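Okay, so chain A shows up in both of these, paired with chain B first and chain C after.
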Partner chain A sequence: MRWETQRLEKAKQIIKMYPQKRSALGPLLYLAQDKDGYISNESIVEISSLVGITEVQVQSVASFYSMYKQEPTGKYLLSVCKSISCEISNSSEVIESVKEFTGLSNNETDDQNLFTYESVECIGACGGAPAVQVNYETIEGLTPDKAIDLCSWLKETEPKVIVADELQEKFGGVKSFDWAIEDNTGTSSPVPGFQTYDTLKEKK
Partner chain B sequence: MKETILLTKHMRENPEDSHSLKSYEKNGGYKAVKKVLKSGSPEEVLEEIKDSNIRGRGGAGFPTGVKWGFLAEDEERYLVINGDESEPGTFKDRILLERDPHQLIEGMMITCFAANISKAFIYIRGEYAKPARRVQSAVEQAYEKGYLGKNIFGSSMNLDIVVHLGAGAYICGEETALLNSLEGRRGEPRLKPPFFPAVKGLYNKPTLVNNVETISSVPWIMSNSGKDYSNLGVEGSTGTRIFSLSGHINNPGNYEIEMGSSFGEFVETLGNGVKNKAIKAFIPGGASAPWLRGDQLDVKMTIDDVANEGSMLGSGAVVMMDEDTNLVLAAKSLVSFFAHESCGQCTPCREGTTWLENILERVASGRGRISDIDLLLDVCDNISPGLTWPPKMTTICPLGPSATASIVSLMKDFRSEVEILLPKKVVIS
Partner chain C sequence: MSDKVTFTVDGKQLEGKQGQLLIEACEESGIHIPRFCWHKRLDPVGMCRMCLVEIDTPRGKALVPSCTTQITDELSVETESEVVKKAQEGVLEFLLINHPLDCPICDKAGECPLQDQTMAYGPGESRFIEEKRHFEKPIPISDIVLLDRERCILCARCTRFSEEISGDPLIEFIQRGNKTQVNTFPDEPFKSYFSGNTVQICPVGALTATSYRFKARPWDLKKVSSTCNCCSLGCSVELNVSQNKMLRILGEDNEYTNQGWLSDKGRYNFEYLHSTNRLLSIHSKENENFENINISEANEKITKKIQELGNPDIKFIIGANSTNEEYFVINKFANLLNRNEFLGKDNSNVYFADDHISNGYFGDQYENATFEDLDSSDAIVVWAEDIKDNLPVLYLRIKKAVKNGVKLVIFGHTNTALESLADLYIGSEVISNNFEIQKELSNIKELKNIINGKKVTTIIGKSTPLQQKKSLDTLIDYLQKVSDLKILNCFSKANTFGALQQIDQLKGLNEFCTEYENSKKNIVFTIGANPVNASFFGSQIKDILQEADYVISLDIFKNETTELANLILPTTAFGEKEGTITNMEMRVMKQNKILPDPGSTLSEWEYLVMIAKSLGEDINYENVSEINNELVSQYKTTVNLPTFDNLNKPSNLFGILHEKEINLNTNDVEKNNISLLMVKRLYGDSSTQINSQSISMLGSERFIELNSITLNKYGIQSNVATLTQGSASFFVNIKINNFLPDNLVIAPINRRGFEKLDPTKEFDIKETKNMKELSVN
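Moving on to the complex of A and B:
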């Protein structure tokens, strides 16, 4: 399906921010993923014409970066960190409990299209290890039990907007540093919530 | 031992709204850049930065003033802030982006004035969604106030800033890979020469690439002086530095200190120690750094002291591992990281890191072979001949050679932990 007018307009605005069109490729891939939950072939064709490079070039870049998904992603992308500080803080147990709850292996999505699970490398939350992200919103200081609570809460309430502060308060523990500033912004799709890309949402 | 608070002062004293322009300005923010624009010259700024002796806070520790001095003449030049912080153990730029974005913007303005640059980018890793939107809001506020755009503060200076999100590739923290990524390409490092960013950087134009913490230090240096800054810390490691402390520690977190005290003092006082446990090993500067042993806690936290011990202060990430740590699994976690993050351009790194991961995997699960220690070291030697530190390179960038650090540490100081997992020798009578 072609991109709707609004998304095309956004794309053109983003392209204008850069001295060369191709620099907008990364942000446009996020627009694509916000639309479909992954980088669809239709989006590749669309982006190729917007940026002026071939479809193969678009795909070659998209496949390089782990945050651009090649397959449809569930409503909630669960990314559990397994890098060193988390590893030595029992992240493997958090990983096991998330896998058990969702029934998923690495990079799999469930049949209801609700959860995608992945184990990921360092997300910069080492002081609050072990840490998890839901749609790139960080929760620090998790335990295996709290991880299950988090997943079941997501399943039961299906929140429209994922907000780091809310999740941290409900399910988190020790933090890398005092977050201090209250924040009710987040994202509603498996891409980073960022105002320039119109993927930022506010929790009402 | 106490912290010396320069960069984190404003955020600590104004916890609720340190991200806002209002709070930043109320506490003396944007005064330094106003002064510089009104009565300073680019040469004077460069002199102050050189006097401060500040060295890059990204990991390589290159003197910032020298880097600025290398920037080639051209009508079109760029500043790119490296906010791709992805080195396991590191979360110091996250706090600077999240809680004091205007400090970074002011630092960028001064830098761009000194280097005659009118277009700058802040490249932030995609996983830092929240920090990135705080920075973007701050940039928008600065535009609204006329602090960015054309004729800033009535001067002839113009500056545009674009916040750009990465997409999950550690390698983009390497400056030339970052530039490829910002150009909409795969994040593969470029060959140096010819692609030194100061000569052929973004769009092949001269480009300054500086770390978030480095540029966030600029407003303090210009509000005070380069000399004041160089009086802090020790020779060769001047000023303060934000260390990210994690692992088996009572009080993990970011601590801003003058360089020069020992790791032990740091861990005991600010980190409040390790609960009833001895420290077996620790990482002094991020996943790429060779480990130090628990009996090396008296080493001083300076760039040169850590280098003398055969490791590096790197990104300032200190990870403590207590006596209960399974070091084989720790090494496997580190090696898996590099195997996953290898961009795949250079054979020694692409193949070598995967081999190391596979061998360690089988050793850790008790399926190792007697020959595996030799094999691990052989693969490491092929990625980085001689197994020295700093490592010898067979690759375009240091990612592959860095992957050998944890294995070499394991074999050098904790070999018995590997040996015990290998089959006992079979005696044939």
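Moving on to the complex of A and C:
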């Protein structure tokens, strides 16, 4: 499927921010991921013609980074940190509880397309370990119980927008530091909610 | 500051150039450092770490990759220390972890850098007992190249080639870590004119070619250097033969011409040599049917015919695949028949079967260029037939020059493939659809900025046979006035320049048609030429050959022209004959014989010498080096002549530049209103290609190219259509090319059936509604 006009417009805006078209590849891939929950081949074709490199060159980048998904994710992508700082702060139990609640093992998506579970390497929140991300919005200082609360809350309320601050408030514990993100409006898809992509504003 | 650098390797003092890479500087001094990813014609990446050496740094000794380290004064390097050895063993152990070691069934075994370097530098035994990674073996990544990802050692030579050199990056690394692999995008095959080069430079057997798979072991191959004859660039090649069969052609690194690369046409267009369709015996037409006769019968027939016809007019149509020696004899023979007692004329009677030739720019007023000039000039100006399709490796040379900062100006409308490289593309605002310049060139500011007062090399020739020479003259006059100009005459076919050098006065098929007189008795020789197909004058020539009193064709395959002959003499082909050929720069290079003459074929010159003898004429050559000796004695200079002996010397392996006076006598086509632009594509329906199994289908797609405005005018929505002209009608695929001007439609001339199209007549394009019709076709 071709990209809708609005998405194409956004893509063109992003491309304009870079001296060379191909430098816009990173953010454009997130636009693609916002569309389908993963980077589809159709989107790769679209991006290739937008930035003027071949499809396989786009695919090369898209398949190199683990945050670009090659398969559809559920509505909520749960990334639980398994690296050292979290591990010594009991992340393995957090991991167990999330796995148990969702019934998923690594890189699996449930039949309802609600959750995708993955365990990941350090997400840069060591000071607030153990940490979890929902659609790349970070919650720190979790306990195994809080993690289950988080998951059931997501399942029951199915929020459209995931906002880190809100989840931190509800389910988090000790925070490492203030992330100081001005525009903390959250994200509506498994795409980091940075201003550049601005995927949220149109949706709101 | 001097650009010499002195450094020490293994205790020896060496010299190199400032900025040179350590691995290269060592190589030049005879010290070989093992490597996989580094290739002299590619940018270094430091991927494989096989080239690690130990150097002294302010913080002590350190291991560095020599392919990414530049030499500096007083650099001290160890290439064989214990540490280096350990590193090499380690690197090889890593590389072998996932390598399948299926050498016994691998094409590369025996000439495999991984195999060889494991022997020379490897640990000697394996500690690896785990499972190796697995991939489907092998997957086709194009019609001619297969990829075995298990064997791949991820050196990025192939991907760098496709990005840096050929500019069609359709293969890339995908995935990461243990899953990293080379691949194409789904349904986007590695469709490149240059894909075979990746097979040649792959340091393992990961990339293989369909034509060579499982055909031979490298140590059984007989090898000889030669020069490719697919276009007039003069690529140096190595011919690989086993059991008298040509099995492979490799590119040799000739600094002057191909720099190691080949087009896939040059590389894979050889299987025809052993095709069962080859002409292997003499055919004589008796009552509409061809019968086999022997050589003395044939000789008798020709002599009798010439005598019987009294005072026949004898004309020669020659192709581009003969050697200089053959042209030399053809010229002698043609002169002789002109002067002998039956004939009175002293007009030239040799016609060249390529409509693109024009009188060109030769002689004292012009300075002719070599390919080296492309690199050393400030700007390159191209106005010629499609370079990428007709002189593919010249396209690589242009691309390289542009990469190094040379400016590129392209004049439309055939070289749209070069547009993306160009600093200035001059299209329909200046050039009409008839290829006339319709604007004062000095008024084009952008052009002025690029060329005024600069060193300019121009690649110039007719873009289409219908282009008038005076439009080229306008450009040349202008360039000569404002810049320091060197000229490469762009005639693209094989040994065109050899023919120009050897034939006293060469004319075109246009002249053949106008000079042919029906009222006379006529004998026509066609030598390695098929003018009935693929010429603007094809149908006219067909009529002439049908009418002529006797037609003798020398060729390697039956074709549209030999069908009309009374006598067909089978000749030897590439690899079966020895001789010299001359490339676009007038570089004379050697073609070598490595295959025996098949069947009862003879070289063109052998037939002509034989016929001359029986006519009582004295052309007497025992072998081809005799001809070569006589031929070189007619060159202007006397030093370093391109004799066989001389060309076989290592220092001259890559050719000797030699000019000779050139006398071309061609006129423009009068009727030159172009409606359909017929251009030659790299792949087509030539008898050599369709008889080479691996590439036979590559030129079968019938298509037209046009811009979207023109497409809209015809009201076509889909990507297929019907092209009709008179009684001819073809289903064609549509390719949008928005660099073409409005109302100009391109069709490839070398497609089956397309010879029926007349580029000057009206045609129509209609929507094809029924896709089924396409498959019926």
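Quick note on the criterion: the second predicted complex is superposed on the first by the 192 of 204 C-alpha atoms of A that agree within 3 Å, B and C clash if a C-alpha of one lies under 4 Å from a C-alpha of the other, contacts with A are read in each partner's own complex, and residues count from 1 in each chain.
Heads up, the rule we're going with is that a contact is a pair of C-beta atoms (placed from the backbone, for glycine too) under 8 Å apart; a residue touches a chain by one contact, two chains touch by 3 or more.
All values derive from a computational prediction rather than experimental measurement.
Engineer: Applying the document's definition of touch, where does A:168 land relative to chain B and chain C: first, second, both, or neither?
Structural biologist: neither
Engineer: Touch check for A:54: first (chain B), second (chain C), both, or neither?
Structural biologist: Only chain C; A:54 stays clear of chain B.
Engineer: Touching A:84 in the superposition: chain B (first), chain C (second), both, neither?
Structural biologist: In the superposed model, A:84 contacts chain B only, not chain C.
Engineer: Once the shared chain is lined up, is A:64 touching chain B (first), chain C (second), both, or neither of them?
Structural biologist: Once the two structures are laid over each other on A, A:64 reaches both partners.
Engineer: As a test of reading the superposition: which chain, chain B or chain C, is in touch with more residues of chain A?
Structural biologist: B
Engineer: Based on the superposed arrangement, let me know which partner A:185 touches: chain B (first), chain C (second), both, or neither?
Structural biologist: It touches chain B, and chain C stays clear.
Engineer: Once the shared chain is lined up, is A:128 touching chain B (first), chain C (second), both, or neither of them?
Structural biologist: After superposition on chain A, A:128 lies in contact with chain B alone.
Engineer: Contact-wise, after the overlay, does A:41 reach chain B, chain C, both or neither (first, second, both, neither)?
Structural biologist: After superposing on A, A:41 lies in contact with chain C but is clear of chain B.
Engineer: Across the two complexes, find the residues of chain A that touch chain B and also touch chain C.
Structural biologist: In the superposed arrangement, which is not itself an observed complex, chain A uses residues 53, 60, 64-66 for both chain B and chain C.
Engineer: Give the list of chain A residues in touch with chain B in this complex.
Structural biologist: Against chain B, chain A makes touches at 17-20, 22-27, 29-30, 51, 53, 60-61, 64-68, 79, 82-85, 87-89, 120-129, 133, 136-138, 164, 174, 176-183, 185, 187, 192-197, 200.
Engineer: Please name which positions on chain C make contact with chain A in the complex.
Structural biologist: Touching chain A from chain C are residues 168-176, 183-186, 188.
Engineer: In the complex formed with chain C, which residues of chain A make contact?
Structural biologist: 41, 44, 53-57, 59-60, 63-66
Engineer: Which bits of chain B are touching chain A when the two form their complex?
Structural biologist: Touch residues, chain B against chain A: 11, 15-19, 85-91, 94-95, 98-99, 119, 125-130, 132-134, 136-137, 162-170, 181-187, 203, 244-248, 252-254, 283, 287, 317, 319, 321, 325, 329-330, 333-334, 336-337, 340-341, 343.
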